[in-house]
Amino acid sequence: MARAVSTRRKLAVTLIAWGIGIAIFFPILWTILTSFKTEAEAVAMPPSFLFFDWTLENYHEVQERSNYFRHFLNSVIISVGSTLVGLVIAIPAAWSMAFVPGKRTKDVLMWMLSTKMLPPVGVLIPIYLLFRDFGLLDTRIGLVIVLTLINLPIIVWMLYTYFKEIPSEILEAARMDGAGLRQEILYVLTPMAVPGIASTLLLNIILAWNEAFWTLNLTAAKAAPLTAFIASYSSPEGLFYAKLSAASTLAIAPILILGWFSQKQLVRGLTFGAVK
Amino acid sequence: MSTAHSRAAAKAMISPAVLLLLCWMIVPLSMTVYFSFLSYNLLMPGMEDWIGLTNYEYFLTDPAFFAALSNTLLLVCGVLLITVVGGILLALLLDQPFFGQGIVRILVIAPFFVMPTVSALVWKNMFMNPVNGLFAYLAKFLGLAPFDFLAHAPLLSIILIVAWGWLPFATLILLTALQSLNPEELEAAEMDGAGSLSRFFYIVLPHLARAVTVVVLIQTIFLLSVFAEILVTTNGGPGTASTNITYLVYAQSLLQFDVGGGSAGGIVAVVLANIVAFFLMRMIGKNLEA
Amino acid sequence: MGQISLTQVTKSFGATEVIPPLDLEINDGEFVVFVGPSGCGKSTLLRLIAGLEDVSSGAIRIDGINATQLPPARRGLAMVFQSYALYPHMSVRKNIAFPLKMAGLPEDERNRKVEAAAKVLNLTPYLERKPGQLSGGQRQRVAIGRAIVREPKAFLFDEPLSNLDAALRVNMRLEISELHQSLKTTMVYVTHDQVEAMTMADKIVVLQAGRIEQVGSPLDLYRAPANQFVAGFIGSPRMNFLTGPDAVAVGAATIGVRPEHLSLSTTEGRWKGRVGVAEHLGSDTFLHVHIDTGNSMTVRLTGEAALKAGDTVYLSADPQRIHRFNANGLAIA
């Protein structure tokens, strides 16, 4: 199937592809570069690309003035926390649907998906009021609850598609070998599904990290994750480009790296297994 | 495939997930429905009155609603058009053999991982700003007057910002679909005398149809609820020029504290989303059988 | 001990009855083979015995104890699956030790038993490997090892050889038979391959559409098939069936003659025909003969035969070796 491609053609494609790739990536690249400039250089005309005095001053100041690390920690706790809670709830559910399918399994799956389609704004007010009344506004635990619920359908679906690929004979073998339900899930299913569980974990951390409706509406200063922290730069601090860039770089770097690792699973997770 | 034991266990194991989601769906949604029939403002507590459909009447006849509705549609369709067409072209390009495929792929998908608030602020300040933005510099460099994107073309600007974030998603999925195309099909078509254009239209495009549908439907869900990009760039303005339904409901309920009116808007949003969801569910349901 | 008895067992999936009421006795130490075409319910029956499926009605007793409601783990049976169902993330050692671990045996005892089993099955050099690094035959042995370490009351085999290539299959067939002779534990073995059934079984259960067509020793079934289905299913090449005047003459609707019970002559005989295809296997020759009456028959000749397509031949059969069936396909004694 692989056929010889002329070198000239390959070079041409290389040139175009790299050009487009860099153009698409450019805003991120520019942000990273600007984060190392002084404020004066950041708005200098003409802009300097690489030849400027590199400085870490902005990073220092972002941490000093607005306590970046605390928001980073909030993001970690909220995204990892909601994903882990989601997995604990979803693994048994996905086991049920993948290995003991009933007449209604498909309906349940579709219904779960449909909850994901409920526009958040449709329940914004009650959630806001309930949170206010239960003292959950601007708390990490509150956001963990909400993000667990909004991502639960995706977690269940992803796990379901991974579990479906495990032959049920192996679980039956475990049953014949004397394993109870708990042992069957703990010793056989979970270790076999580790790659699937890991990519589910990764994708959901990414989704939760970048979630910007509930995090903006339900937090203020205390529990604000990075999405809300960055939003506070909308004005007038946003005009300090170098600091905005430093804060932005810090906010996207961890997830960018995670994301690059999970690009293959991303497709499958986000299309509910419809495209593999 | 199962015994009474395992069926009972299955029921027990699935119920936490089902119950939680059921609560998440029913409790707040029924509260929203209830509020939508009340005259309820957070600034005037204790004054809640049952006013029937008045909130809906106000919301649906408000000119802002029509502006928001058309903005929502423009936003969704604009982004879809850019990402699907761009995604197909990019996928075709990245599917060719060239040097550094892996790195370019990584560069192209990166924007998807950028949180909406960051991408909106970076575009707004560092690129689209009429004084210090790179675009303004480019315009001056070319001898043109700088254009104030967010003031004069707010919706288009937001469409571009959002499309930048979703283009990688479309590209990645279409590329995956493209790579699952059996090369023998293309070779057979070539043997049958099909040129590269006919191969694209008769073989490649039909093969991508399912992936394109998935991209369209999934993006639609997310695009209907675009919020952060609007909040940090234009606040829906100038006027209602870049207000979508989500932002309108947010503004009504959390900025004007009109819970009743906001709830009515929320229910309208739910109804609109359900119309879209209906098609998505049928689509994914079909794929589930395949 | 390993005596299994099924009384009036039925199984339905929704409205479809897969197994109509069925009775069966499996004696201790017996090698019982369930054989039948695919979809005949033989695997379902095995899974009912294993407890992987509930019976819809009826009772299963193991060693006289009612096991109908017991979960698989508590029936004391071991099963070898068609796909072997090895745990891919565990080494061979851990795979074989898994049932012992579930039974709560201490580690040193587990190791002792695993190593003993590995020795019997020639798996000692592979104990630390993962199933993915083994050949098909080795995986099969691991699956058997996992079954034997726990010293079950009975072994259940679900088409265990169908994923192996032909040569290996013959080998494993022998190994399983030898295993049975040395362990003397009850074995219930499901296959669609009548050669496996004939070579391994003490007792064959022929199933069709969930019903037992006949139970008996391999030679019983071969010599005296109870009906046309069993007659056609057991024996290779297949029994020849003739209808029409030949059958009516002996008071039957159909008669059957096995290919090896036909004798051939070039000068005279009961049926005159022309050779269609001749298959020369060296040890045997199979001739497909078109009889002048319109039927065709297969003849099995020992050794080499110098016949080829188009030759005219005459066939005859020992009347003792002709099976007679009535209009319902039942054998006429």
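We call the chains A, B and C, going by the order they appear; numbering starts again at 1 in every chain.
Operating definition for what follows: a residue touches a chain if its C-beta (ideal position, glycine included) is under 8 Å from a C-beta of that chain, and two chains touch if they have at least 3 such contacts.
Here the structure is a predicted model, which means the values were calculated and not measured.
Ranked by distance of CA centroids from subunit B, the top chain is C. The central chain of the assembly on a C-alpha centroid basis is A.
Chain pair with the larger contact count among A-B and A-C is A-B, by C-beta pairs in contact. Mean C-alpha positions place subunit B and subunit C at a centre distance of 59 Å. Taking the mean of the C-alpha atoms as each chain's centre, subunit A and subunit B sit 16 Å apart.
For this pair, subunit A with subunit C, the centres built from the Cα atoms lie 54 Å apart. Listed for subunit B are residues 1-2, each touching two or more other chains. In subunit C, the residues that touch at least two other chains are 51-52, 71. Touching two or more other chains at once is no residue of subunit A.
Residues 1-5 of subunit B touch subunit C in their complex. Residue ranges of subunit A in contact with subunit B, taken from their complex: 1, 5, 10-11, 13-14, 16-18, 20-22, 24-25, 27-28, 30-31, 34, 43, 45-47, 89-90, 92-93, 95-97, 99-102, 106, 108-110, 112-130, 149, 152-153, 156, 168, 181, 206, 209-210, 212-213, 216-217, 226-228, 230-231, 233-234, 238-239, 241, 244-245, 248, 251-252, 255-256, 258-260, 263, 266-267, 270-276. Within the complex, the subunit A residues that touch subunit C are 167, 169-170, 172-180, 183, 187-188, 191-192, 194.
Those residues of subunit B lying in contact with subunit A across their complex are 1-2, 6-7, 9-11, 13-14, 16-18, 20-21, 24-25, 27-29, 31-32, 35, 90, 93-94, 96-101, 103-119, 121-127, 132, 134, 137, 140-141, 164, 167-169, 172-173, 176-177, 180, 183-184, 187, 210-211, 214, 218, 221, 224-225, 227-228, 231-233, 245-246, 249-250, 253-254, 259, 262-263, 265-267, 269-270, 272-274, 276-277, 280-281, 283-285, 287-288. Note for the complex: subunit C touches subunit A at residues 50-52, 71-74, 77-79, 81-83, 85-90, 98-99, 102-103, 146, 150.
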